[in-house]
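Take this structure first; my questions come after.
Chains: A, B, C and D, in written order; residue numbering restarts at 1 for each.
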Amino acid sequence: MIVINSKDKRIKIGLEIHLQLSTGKLFCKCPDINSTGIKGKFTRKLFPTENESGDVDVAALQEERKNVIYEYQVTDNSCLVEADEEPPHEINAEALETALSIAFSLNSEVLNAVSVMRKVVVDGSNTSGFQRTAVVSTGGYITINGKKVGLTTICIEEDSARRVESGNNYTAFSLDRLGIPLVEISTAPDIETFQEAVDVAREIGMRAMLTGNIRRDSDAIRQDVNFSMGYGRVEIKGISKLSLISEALIAEEKRQKYLAEAVGILVERGGFNGTVLIDYTEKIGKSESKIIQKGIASGNRIYIGKLENLGGILKAGDYRIGKEIADALKLFSIGGFIHSDELPGYGLTEDEVNNIKKFLKCEEKDAIILISIPESKKDLAQDAINKRIEKLSSLNFSETRAANEDGTSRFLRPISGSGRMYPETDIPTIKINEGTLNRLNLDSPKSFDQSLLSFTKEWDISRQEAEIILATGRKKEFIELSRLWEKPREVSRILLQFVPEMERKYKRKLDYNDLKRLTEKIATKNYGRISLEIAIEQCISGKNIETVLMSDDIRPLDRSELKSIVENLRKSGDVKKENIIAKVKNETPRPVDPKIVMELYQNT
Amino acid sequence: MIVINSKDKRIKIGLEIHLQLSTGKLFCKCPDINSTGIKGKFTRKLFPTENESGDVDVAALQEERKNVIYEYQVTDNSCLVEADEEPPHEINAEALETALSIAFSLNSEVLNAVSVMRKVVVDGSNTSGFQRTAVVSTGGYITINGKKVGLTTICIEEDSARRVESGNNYTAFSLDRLGIPLVEISTAPDIETFQEAVDVAREIGMRAMLTGNIRRDSDAIRQDVNFSMGYGRVEIKGISKLSLISEALIAEEKRQKYLAEAVGILVERGGFNGTVLIDYTEKIGKSESKIIQKGIASGNRIYIGKLENLGGILKAGDYRIGKEIADALKLFSIGGFIHSDELPGYGLTEDEVNNIKKFLKCEEKDAIILISIPESKKDLAQDAINKRIEKLSSLNFSETRAANEDGTSRFLRPISGSGRMYPETDIPTIKINEGTLNRLNLDSPKSFDQSLLSFTKEWDISRQEAEIILATGRKKEFIELSRLWEKPREVSRILLQFVPEMERKYKRKLDYNDLKRLTEKIATKNYGRISLEIAIEQCISGKNIETVLMSDDIRPLDRSELKSIVENLRKSGDVKKENIIAKVKNETPRPVDPKIVMELYQNT
Amino acid sequence: MVQTEFVRGTKLKITYNGNELDVTYISKEEGYLTVKLQNGYNITIPENKITVLKSSEPQPVKKKSITLKHGNGIPISLITTGGTIVSAIDYDTGAVHPSTDIRKIIDRYPYMEEKYAISVREFDNILSENMQPNMWIKLAAVIKEELSKSKGVLVSHGTDTMSYTASALAFMFEKLTGPVVMVGSQRSSDRPSSDSFGNMEGAMAFSSTNVGEICISMHSGTSDDSISLHRGTRTRKMHSTRRDAFRSVSGTPIAKFRNKNIEFLSEYKEKSDEILLTGKLEEEISMIYFHPGLKGEDIEKISEGKKAIIIMGSGLGHISQSLFPSVKKVIGTGTKIVMTTQCMSGIVDLNVYSTGRELKKLGVVSAENMLPEVALTKSMYLLGNYPHEDFEQMMKVNMRGEILEREFLGDCY
Amino acid sequence: MVQTEFVRGTKLKITYNGNELDVTYISKEEGYLTVKLQNGYNITIPENKITVLKSSEPQPVKKKSITLKHGNGIPISLITTGGTIVSAIDYDTGAVHPSTDIRKIIDRYPYMEEKYAISVREFDNILSENMQPNMWIKLAAVIKEELSKSKGVLVSHGTDTMSYTASALAFMFEKLTGPVVMVGSQRSSDRPSSDSFGNMEGAMAFSSTNVGEICISMHSGTSDDSISLHRGTRTRKMHSTRRDAFRSVSGTPIAKFRNKNIEFLSEYKEKSDEILLTGKLEEEISMIYFHPGLKGEDIEKISEGKKAIIIMGSGLGHISQSLFPSVKKVIGTGTKIVMTTQCMSGIVDLNVYSTGRELKKLGVVSAENMLPEVALTKSMYLLGNYPHEDFEQMMKVNMRGEILEREFLGDCY
């Protein structure tokens, strides 16, 4: 039995934490929030450059990708820069300062100058074919449960375009996310347990939140995990929830253990010498298997191959070399693939399987595969299978994997080399003056508790409220609204209680800009909380913001209006000091000032 | 009884003959032929200027027209000049020379300098709001049956846009015709009989045809007729066929005679003092008349008015003052109008009519009218009716009328004054040098017979063929094709016989440019008539010209191809000198040179 | 020799080609007489072919005075400066000349006279290519005066240099209490098809909005159905003859007027409570269009005595390296050199290529994505009103919407 | 003080901030050292913060020689002149520089190597803003040589002055035996998103058509799906940064390449049986951009010693009347003055307004609707090869499609 999640001495974990900033985009003046839908579309091709992908057969990949069309959806928060039709503008100073502030907060050594690099990425997620990224500081540490976990670098970079659709030779991206500033914090591989990984990620996230400039979007914080247990370094990218970090690590440890075992069996049997795919279409043409028939109907050929010594470890128990091969094939858009550990099955009869085995002169320990592909892809497929098995056989599992929603991961690409980086020549090195650095260092949040204390004091709100505001990234909004309407307690209440309540009630989000406009109106007109709440509810319930702003509904009743109500009520009798306010409120949906009502009631 | 078409001494007739030239447009480089459909559309408004329309109440007309939208359909043979988006280019030299040549041919005194004018036209038929026109010569004459008919001026001008659709406040024009050069030849009012008018028009047309530059389009030649018989001058515009000239004159003489009689009756009864329209909607609202009910339903009011002394002459026998009023109302887009000579009728009962008459205190000799219009048009309508009757009462019928297809005509506008002309400042006065004038004078066709003679001699074709070529305006095409393919007799046969025959067979026209390309191909390749005929038939039958040009079908069989056919036939026996050519032709749809066949037959 | 020269409009009786004709004298040039026949046509004939029998002086035409109804409408001032938009035609002689008689245009839209109380002020009557920077200063003063009396000001102006004038005014007026709408036309108002009427109708409508900027009101397309309101600092005459010549370069117009209705299409600066006018301009500034074959000495010669030079460079703002020594010399004498692009649109970026980086080092100032013409007027304004050492920094500041912070792909791609 | 300056690419061991790091030396500027970390990032640090422990010279990079397969494909010559289209990147140090290694581009479309037998000839390696008229003459000679050996010629060229070069070549070559297609790019070929690849693929395809003109092959739109072929005498770089910067001004491109297929959109001149090259150009010609504030003396100064001056006037071809005396003086010295319009499109017409008519009388030559840059190269050609008295007449003759005989409204109105 294999032990999972133990404090295995060989296990080393490192994290890369990516935080989106709410400062507007990094190299243009576009906002980070997209307010409307798709404004237009365009298509591009990307041409892989030599160094982009380490070990993968570049020529093959190029051949494969040259016909891939990337479609980009233009959004309101994108301009010529996102379309790769204009050089980047000067770096967003607020974003850079936020990154530096986080660096100071994490004891990292801030550089006096920032050199922006291009990191080549040709999966279409960057219109330019590269991501702009720059180191802002090196080193640093964070203390978790008394243990210092080291940091290697803190970078500021552009977020990539959001993938919205994927076809065979076609992928569509939205430009809404492209160019949003990301702060990337990389730890050293100092983390030893899965829980520790979660704790480190949480603490770093919290500290960054204190800047008030972290976006509050569902994928605003994403983690990459570096994991090694003796079989090379595996990088799992794109874990969007804290809770999934440990699940991903558990799954990866399990995968590597069983892979290593399976490879052990393979080696013991004599290893793998490469397979040759043979066109078997004519021979199996009469099979009743739907996969076979569908393949042939769409013009595919049916290839078979012998996988020497791989019988019983492609898919049996926890052995899963078959899935590894399938992942490798998927890179070239090859989906259909059947192996003998699953056979008979897929409509193939025992006889048909045996015939293939006989044809390929298989022994018991060998496996066979069937694959339905166009003739043009045969060499690609054969190559991909052989390379994958060879790589695994070497017991060096180093590679980049993508996190799945369920905690597992899939093969993405080999670990990228440093070769895919070169300078962004359009942006001169950015010198940061000493004064700015000193100011940022001084102001940077040194710990959550310390920040909480000063925040609570500054705004005169409860510690509990302050904690929620800081921890949920509402600091910036809170400060902005409190400056508009100088009632921080009311603002806090609106932000933390009323708005979420209404959003639940109407199953609808309130746009922050709308909230800001409503608050400004109430502040300028000196209307009070009730008015704001009525306005917010009307907005969330679907009313047009302009209508709400102009509506009489949010204007408190004035003295003369109240007077006539009070007098009418008095005429109808049945009013007393105890119920007069409730009665007046019953008469109107508009805000009522109880003080004035009481005054009017008593003085007439 | 009134005598029609007599040699009435009072009758004076003048003609304006308009001939479209096939030289390309007058003030830009666009061709006069449109090769495709509609390329796009745009809309314009035109703002009447003070002087445009003589006597009509300009203010009223402006009020009426200011919301009229003109839509223009852009065609392939129009550019920015037609769209009134670019100043006119230099005048088309060939067009100007053609006009001058016609002038010389008609003994007119050619001017040494041409000053282009703008003639204001705001019915939308000119995108600029004016027509460019210039006098090229003054005076001149033509001799018909021994009588000299004088000319006043010969002008060169732009044709107007073609009206394709008309709605209430909307008219659509095609730009295909706009800017095509027109030569306008105006005769003095020397013509005395209707037949003479036809003869003069025919002779002038023939003479112009000799230039070879008159278009062969259905409306390429249009005549305006000036007619007077003592009641002022009436101009009837746009008679497109020679045969309609006399019909139009007959109709106009009749119209004026009966109008004069009717006016006589009116004057005898005491004349007309103007009508006042009264809103009668409430009173007649219950009528079962569909006109009334439809009018009310669409928001109209029903007005009635008394036409003093007009009973029985609005529409009775040949008296038709009612139609004159209706035409005047139509100018303001007022359609519905009923008068007592038609009543009872239109669903109005005897009682209803009598009630109106009683209401208006009508006597026997008076007429009544009913008119269904929006309230806003009441004053306009009243004014139009009163002005029209006053004008007729004066026995001065001078006006401009438009020819209908059936020989009758309708009121168009008052005779335009000279005030609507001013210089085209974008085009400097065009000086014509003496050399050019002398050459044109020398070359100008002095009579049809003389031209025919020299044409027949020059091209060595039969007199009959030459006559048809000249009289039907095919001179230019004939010369062009004969220069490409130096076989004028073959060209004549193709033009006059083969093409018309094929066009009848396939019920389809052959584009002249296609014919030119085919002829050029045959000439360059030295292929011969059969090839050209095959090519023409294929084209007319609907094959793409490019395909035809590239096709092997039109290439005559070469010697070796013929040889193998001849040999094959010989092998099959049954060939002799008499049938060999027919047999060979039977074997192939491609052109066969009988000489070679015979040679091959005899020499092997 | 008989007299053949007369006052335009003189009625003559002549003999020509054996006939006696009553004509109106128009002009005489190079021995040719142009006369108007009674049917309205002009003919031009050699003077030696005619004999003048009789002549009578023309009646002087009474000049109609401009009288507009002044109802209770919105008070609008119209300042006329000349140009094609208001032109008059003398039908007797055919002469067309710029006019200030706005009556002709207002007449086309009688409702305008009800809706607005229009006061007309004649500033000048010139073709716009003759407009000089010192006249912009005077015009600004007149606009200030008129705007203080009305809700908005219209300025009728020739189209040739309208966008220069608009951008110069835009810099001079830091604050406005209402819209200042410049309006012109590409077809003169003597033609039935003139765009004057539509452009003026749109301009009137725009003049009573809350916009507090200097704008230009012209046709949106070739059709007469839509009039665009452009920002004065982002507009250019893009075609010599079309109605829709004026475009908001790389951006969207502020608004469109269509079916008597204004639709706002992009953000604008709202009107202020006060007018703030800084009416100084440095006039010693010239523009240079870079091209292959341009010599360093050309730059040096034209720069003599200039306070600044606007270069329209190629691409991202480049010029041939052979010109660098001259650029260095000129900058050495204290003349500012501003780099724009002749590409019509797109940004100047001196960071991308080595030539750009060298120019930056020499002290050349990038005009970002300002239009070259606007870089000119902005330089005139900055050097007229700011310390010279702030020049480079202020060129980068988006003062009047002259810099597009974001450029979009547009709808057609 | 320790040594901190090295050859680019030198491997260093340094201490920084207490850590030992293996880095690659990139550059040093103003006391800052830029080094590449092992993870690929460059960092820039004050030199006083680091200590260099060890250094080792970089290995010289072997220059790859260009070898293209020469099958039985269509023979095409590619002449490289520099510019963005072929650029190389040294991943070790990050330097990007113009290159002539066309291999990188051909590689993207392996089928091209089968289809064409491409011979590459290096003409020069410069940024196009440094291209001068005398180089056009040399380039023309090289093109003639190459075209005599192949079916078509490609010329890779920087985009900044590509249309100047194209139009100059167009005038010099009266006849061509095949297409001469200029190709450039707006994004350098070191980027995965470069437009070089697509532009080159289109250019290759165009190079084996029957076109006998000098053309430009660039992106039709921002998308990578369509490449346009423009006439060299009607094209202009209309945007400083966009892929679709090149446009056929006021007209339609000759053809489009899409899905490996060429569609012809307008008429073109077919190739001839012979090459006719007249390789002379008059270089003493300058351009002047009219603007308010332009002084007569500016015109006079820049005209000294010039054979012709191209004025970019306003509107239909106007300049301020205050400049007329100088124009008269300059023409008096024998210098030709050609009037174009700064409106980008539309015709010059000196008949419409009085200022135009006066300029015409002074002897100013109208460039019709020629682009100003093309009026420049045409003047260079005419004054280099024709009698000067034929200048005005030849300017009006449409020699190489430089004059649009008809301008259309376009599809969007």
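The rule is short, and it goes like this: contacts are C-beta pairs under 8 Å (C-beta built on N, C-alpha and C of every residue); 3 or more make two chains touch, one makes a residue touch a chain.
Keep in mind that what you see is a predicted model, and the values were worked out from it rather than measured.
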item	value
Pair of chains joined by more contacts [C-beta pairs], B-D or A-D	A-D
Gap in Å, rounded to a whole number, between the CA centres of chain D and chain A	43
Chain A-chain B separation of Cα centroids, rounded to whole Å	73
Where chain A and chain C are represented by their mean Cα positions, the distance between them in whole Å	53
Per-residue multi-chain contacts in chain D, two or more chains	221-223, 241-242, 316, 346-347, 349, 409, 413
Where chain A touches two or more other chains, by residue	42, 80, 83, 85-87, 425
Chain-level touch network, classified as line, ring, star, complete or other	other
Parts of chain C lying in touch with chain D, wherever the complex brings them together	127-133, 136, 159-161, 164-165, 168, 221-223, 237-242, 244-245, 283, 285-295, 298, 301-302, 304, 312-322, 341, 343-349, 353-355, 372-373, 376, 380, 409, 412-413
Contact footprint of chain B on chain C as seen in their complex	16-17, 19, 26, 29, 32, 34, 36-46, 89, 91, 94, 96, 107-109, 187, 190-194, 197-198, 221-225, 241-243
Touching residues on chain B, where the partner in the complex is chain D	28-30, 39-40, 42, 74, 79-80, 83, 85-87, 425-428
Residues on chain B engaged by chain C in the complex (per definition of touch)	42-49, 51-52, 62, 66, 69, 80, 83-87, 109, 111-115, 117-120, 122, 127-130, 133-135, 138-139, 153, 155, 417-423, 425, 429, 431
In the complex, chain D residues that touch chain B	316, 346-347, 349, 351-352, 357, 405-409, 411, 413
